[in-house]
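Next, two complexes with subunit A in common: one pairs it with subunit B, the other with subunit C.
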Partner chain A sequence: MIETIEASLIDWSRAQFAMTAMYHWLFVPLTLGLAMVIGIMESLYVYTGKEFWKTTVKFWMKLFGINFAIGVATGLILEFEFGTNWSNYSWFVGDIFGAPLAIEGIFAFFMEATFIAIMFFGWNKVSKRWHLASTWLTGFGATFSAWWILVANAWMQYPVGMKFNPETVRNEMDSFLEVALSPVAVTKFMHTVLSSWIVGALFVVGISCWYLLKKRNVDFAKASIRVAAIFGLVASLITAVSGDSSGVQIAKSQPMKLAAAEGLYEGGTGVPFTIVGDLKVPKVLSFLATHDFNGYVPGINNILRGDYTTPKGEKALSAKEKIEKGKIAIAALDTFRIANKAGDKAVAEKYEKVLENNVKYFGYGFIKNEADLVPPIDIVFWSFRVMVYLGAYFILFFIVVLWYLYKDTFTKRKWLQIIGLWSIPLGYIASQAGWVVAEVGRQPWAIQDLLPVGASVSRLQTSSVQITFYIFLIIFAILLIAEIGILVKAIKKGPEH
Partner chain B sequence: MNRIIKNIFTFYYSGFKSMTWGRVLWVIIIIKLFVLFFILKLFFFKPYLQDKTPEEKQEAVGNELIYRSE
Partner chain C sequence: MDYIFLQHYWWFLISLLGALLVFLLFVQGANSLLFTLTHDESSRTLLINSTGRKWEFTFTTLVTFGGAFFASFPLFYSTSFGGAYWLWMIILFTFVLQAVSYEFQSKLGNFLGKKTYQVFIVINGMISPFLLGCAVATFFNGSAFFVDKSNIGNDIMPIISGWANNWHGIDALFNPWNVVLGLAVLFLSRGLGSLYLINNINNDKLELACRKQIKKDAVAFLIFFLAFIAKIFLASGFAVNPYSGEIYMEPYKYIQNIIDMPLLSLIFIVGVLAVLYGIFRGAFVKSAKDGIWFSGIGTVLTVLALLVSVGFNNTSYYPSSIDIQSSLTLANSCSSEFTLRTMFYVSLFIPVVLIYIFFAWRAMDRKQISSKELDEEEHTY
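What follows is the complex of A and B.
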């Protein structure tokens, strides 16, 4: 007799994974963003030959190194959790998830271990140009690593390029290119990496503002702000464009996530976008979802009832119909396995076909209640707004900063320097909010339509997951305090040390 | 070939030797890796299906999925 899975086990496993992922994501965006800013500054050094830029680069490189050292390997904990807490999921996804992660591991190790060493140890040992190439390659290596992680994540949101093998109960990759270049992976990569560049730019502007507030290292601070603000503005504008592509993609592949992000129960054409409360901008959600101000956007109830036509022109299935098909798929898997073990080829083949015809809805067979298909609306709704509003704020902020730099009055604008300093955490908040939209918005799915979180989790004792949750909380808190402490010390010492 | 290996070794050796604040970071990295691999991985994060053969794994996951759908 197999005991029922407790809801608390699922919740604690999710909480632990969320905490680990969010903690890991404190380090990654700064690595990706700061690497680019450093690359630009070092290019200026090589181009102008001015020692000033070398000192500037070395300082930001030191902060990059601290962030990198504290953050490195925290992502490995996620892989531990896959094997221990999410064993059904790990088996079910087969090599599809493992392949991109393995490529990421190899790239992260070889590119970063090689070029980061030259970046830190190579001053005066290799030529200027070779050092510059190493700096850029460290940044590109980190970005390329991010690509594969995001490919793995995109596959969970939009599973393509695979076939389910009922004999092994695993998915098998049948098109690497489809997995690696899925439209969700491409838009996710663009949006995630570009928004990370904003985090890097805000960090450089914010720390430099602190120097201006303290009236020290003024030339260094102004030069750093100039580079970072231009870079941040470009990144913010392209992030907005990539966010728009992401919205259209989500409307096609995960309409429930979009409906939850708007708190839209009844859809329609020309749907407004809610700014806050009853303040709405007419037709904007329709435009964001379809690039047509009169485009149709299904609401949560429409998706559950299936009373609309999908962007592909097909009639949408109701939740009830999908659950029915999911149950047929799982029952077919059961019969297939029994027949296969008994050596009854004819029955096995028959039910393999039934499974194949319904496998698209496999995950719905685990859903006990239609309401379980709706993600937590409030969290998704507000996270989406935090992300979008902060994104708009960053564009405005960088424009204002560049305006006062152009007017050469930035050093007199203390209020703007204070805003600049306090904008550092806002970059992180926007980045984390984006992940909350992406991950909470796809609930209840671990793999969209194929496997809900309740079927993915390992049969562990809830208490053991709780213990490791608190262990991580303590370790992460210590590491974070260490990082902030070392960073603050390095910043206080300044670029001259 | 030996010269290249020697140069690479010298590069890393002198790089590590001349580190100042980097030493603290390396201590943190080493402690962190020790905690990850020798404490967490060894005592708290044993892969749930690790003692099973591939056939046993597919059997176990298959049974779990079918049971959880009921």
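What follows is the complex of A and C.
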């Protein structure tokens, strides 16, 4: 009997990774965003010497701590899940992918762990400036950790700086700088971290609006809103710019993801952007993808048929041709290894060459149907829209808030306070939607073109993964309920306690 | 600095991380005694706040251990985590519960109530040192896995490693010698936990309880630890031929390793003696608060020597009990020379990390923690 990988194992492994990652991402953006807001506020405290700022900082810090704990708890599993559930992936690219994870642990996590202790428990133990430095270093550590994990993620989307080694049967790094400073990583970092700052800003504005609605702690609320809204507006604008660069990069390196995000089957020049249903803005998708209103954007079918010219000026290959080349690469690897073992140098060399010429399409060799190359379109299409529309809304929202603060009538604008309060979840939704576009949109690839998810999994029984999936689901759900309960109590108590 | 050197360098760092992790399990050990050492809610609060200012280091070391293993020996990361799935998952579950429990346990609106979170802390305190000990024991006793890298050239079943049974790591508990080391690590962590509390907390009653408790845990630790050491020193070990990469059984391999590497045997002996001396001071010297330093450093040295010995001197550090040629060695499981070299340069910055941890701890631990301080402090667990 030939052993095969069960489709259900792949699906459950994906479901578990998606679920644990999304849970983790409920807490990370707030950590990243709130850390900056707290840093700014504490700087104001040290600069002005006003006790008012200290009280304010301490309140937001308390909420930060509650959120941070569960972020750490949910993050642990992700560090190990590449091994537990994606073991084949871990060997195939561990030589490259492991490094950013290790660096994240050694430098970023220890920085966070060390300075967060001073930030929470050091108020009476170290000097004001020492404490301020610790607060910033905690936030910096969190941001630094985001950098490295996004380097790792960017590499999966846009693998660079490596070479396939048939003797060890894996990809091996040949340029650390290409990996660590990949343009996709830079854009991803700007887009992900800055959009997380928006989540933090919305949180602070929203909670403060609640105090205003309750007509309590007015000075505290106004001061918090002022800091957070300025910060939020800057973050929203930079997020929009980095989102734009991200679009151009995706059009080049992951055209299928872009086509899926638009639900575009047949491409062309001057392609419109769909607002909703049949409502379209002419030429905008072309502009987003190529910064040229008449730029060419391939559709899903064009990519499968390979009937267009790539931005590099090469004729695109059809899915069929890519799969063929992938199969040639895999077979060549097999022949190479047999010949190498038998000491047949001539044959080994010959097939090493064949492999080298086709290795770019290695992952396609594992693809069974061409249709598997198309990600789930509806999910990507709608997530993309949710992200973009909310992103635009946030810019508007912060401008309006700042306008009324400037006019000093914000405390009277009850409607805006209600909107502010209800904008908190929108930040989370936009952030999650962004990740859905990035991750669902690149299916079936674990590593773009090199390894599909189906060839990445660990050899487990589906039932094992199902059980751990449910255990995580239950544990995380309970912890989330507890976290929200604790946050709500702390907010109701207010900053004076 | 050739490839062989880099492999050994990285195994040394992994061993050091593992050794630090076992030392930092004092957090778990102390937590496992939460309901044993304390007599009322206020002393429980003291204990939780005392370990609560250190738990992040244990946690971070565990995470870094995973990340560094991934970067330097990806085949281990892939084979062990993906194969001994349940063993690692259970360890992770308990750490997940622990991580939130500190922050949540005393807060209003925490949904499950204080007691539940304290029980989570105890569960993590008992289970994680035990299972981590069992996992480390498999480095000597072997696990049921096979690896065939050629599978990647098979487009139907490309997965290179697999576990030979459906227990996926739980089977480590079926080998009594794994359990023996698991228990040794558990009792060691409890001993270290008591020593840490003596050092960190200013409370006479709790201190007395710790000194009493150490005696019990020390006896249990010694029995299990010496039994395990005797067993591996007498047993055959998994040796590797450095030229062909072939793996074979060699009688008395592990004791031979210690003899072949005299510096290592010195580290091992000094380590064990330091652990014992620290325990002695904690248990029998009334005013001594420094036991944790001796036993802590001793633990790091002992575990370091053991882990280094199982990887160096042409030994297979993660042997397969069902297909000996699948066993992992430094050479067949490590990252490429380029990656190990790059990471070598990165690792040169580690002392910077250690220096700021040292200064931060010193600033925070200048004074012992007391109930009075906790009453004055706004942020407590």
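List of remarks:
Here, the second predicted complex is superposed on the first by the 492 of 497 C-alpha atoms of A that agree within 3 Å, B and C clash if a C-alpha of one lies under 4 Å from a C-alpha of the other, contacts with A are read in each partner's own complex, and residues count from 1 in each chain.
Definition applied: contacts are C-beta pairs under 8 Å (C-beta built on N, C-alpha and C of every residue); 3 or more make two chains touch, one makes a residue touch a chain.
Every value quoted in this text rests on a predicted model; they were computed, and no experiment measured them.
Once the two complexes are overlaid through subunit A, subunit B and subunit C clash, as defined at the top of the document. In the superposition on chain A, contact is made by A:Gly94 with subunit C only, not with subunit B.
Of the two partners subunit B and subunit C, more residues of subunit A are touched by C.
Of the two partner chains, neither subunit B nor subunit C is touched by A:Ala319. Once chain A of one complex is fitted onto chain A of the other, the partner contacts of A:Phe110 are limited to subunit C, with no touch recorded for subunit B.
When the two structures are aligned on the shared chain, A:Phe120 is found in touch with subunit B and with subunit C.
Look at A:Ile481: by the touch rule set out above, it reaches subunit C but stays clear of subunit B.
Of the two partner chains placed by the overlay, only subunit C lies in contact with A:Met173; subunit B stays clear of it. Looking at the shared chain after the overlay, A:Leu9 reaches neither subunit B nor subunit C.
The residues of subunit A shared by its contacts with subunit B and with subunit C are 2, 5, 62, 65-66, 69-70, 72-73, 76-77, 80, 83-85, 87-88, 90-92, 117, 120-122, 125, 168-170, 327, 330, 333-334, 337, 365-366, 455, 458-460, 464, 468, 471, 475, 479, 482, 486, 490.
Across the complex, subunit A is touched by residues 53, 56-57, 59-60, 62-68, 70-72, 74-75, 77-83, 85-86, 88-89, 92-93, 95-97, 99-100, 102-104, 107-112, 149-150, 152-163, 166, 168, 335-336, 338-339, 342-343, 346-347, 349-350, 353, 356-357, 360, 363-364, 366-367, 376-379 of subunit C.
Note for the complex: subunit A touches subunit B at residues 2, 5, 62, 65-66, 69-70, 72-73, 76-77, 80-81, 83-85, 87-88, 90-92, 117, 120-122, 125, 167-170, 326-327, 330, 333-334, 337, 365-366, 454-455, 458-460, 464, 467-468, 471, 475, 479, 482, 486, 490.
The touching residues of subunit B, when paired with subunit A in their complex, are 11-12, 14-16, 18, 21-22, 24-26, 28-29, 32-33, 35-36, 40-41, 44-50, 54, 57-58, 61-69. Those residues of subunit A whose C-beta lies close enough to touch subunit C in the complex are 2-5, 58, 61-62, 65-66, 68-70, 72-77, 79-80, 82-88, 90-92, 94-99, 101-107, 109-118, 120-126, 130, 134, 165, 168-170, 172-174, 176, 327, 330-331, 333-334, 337, 365-366, 455, 457-461, 464, 468, 471, 475, 478-479, 481-483, 485-486, 488-490, 493.
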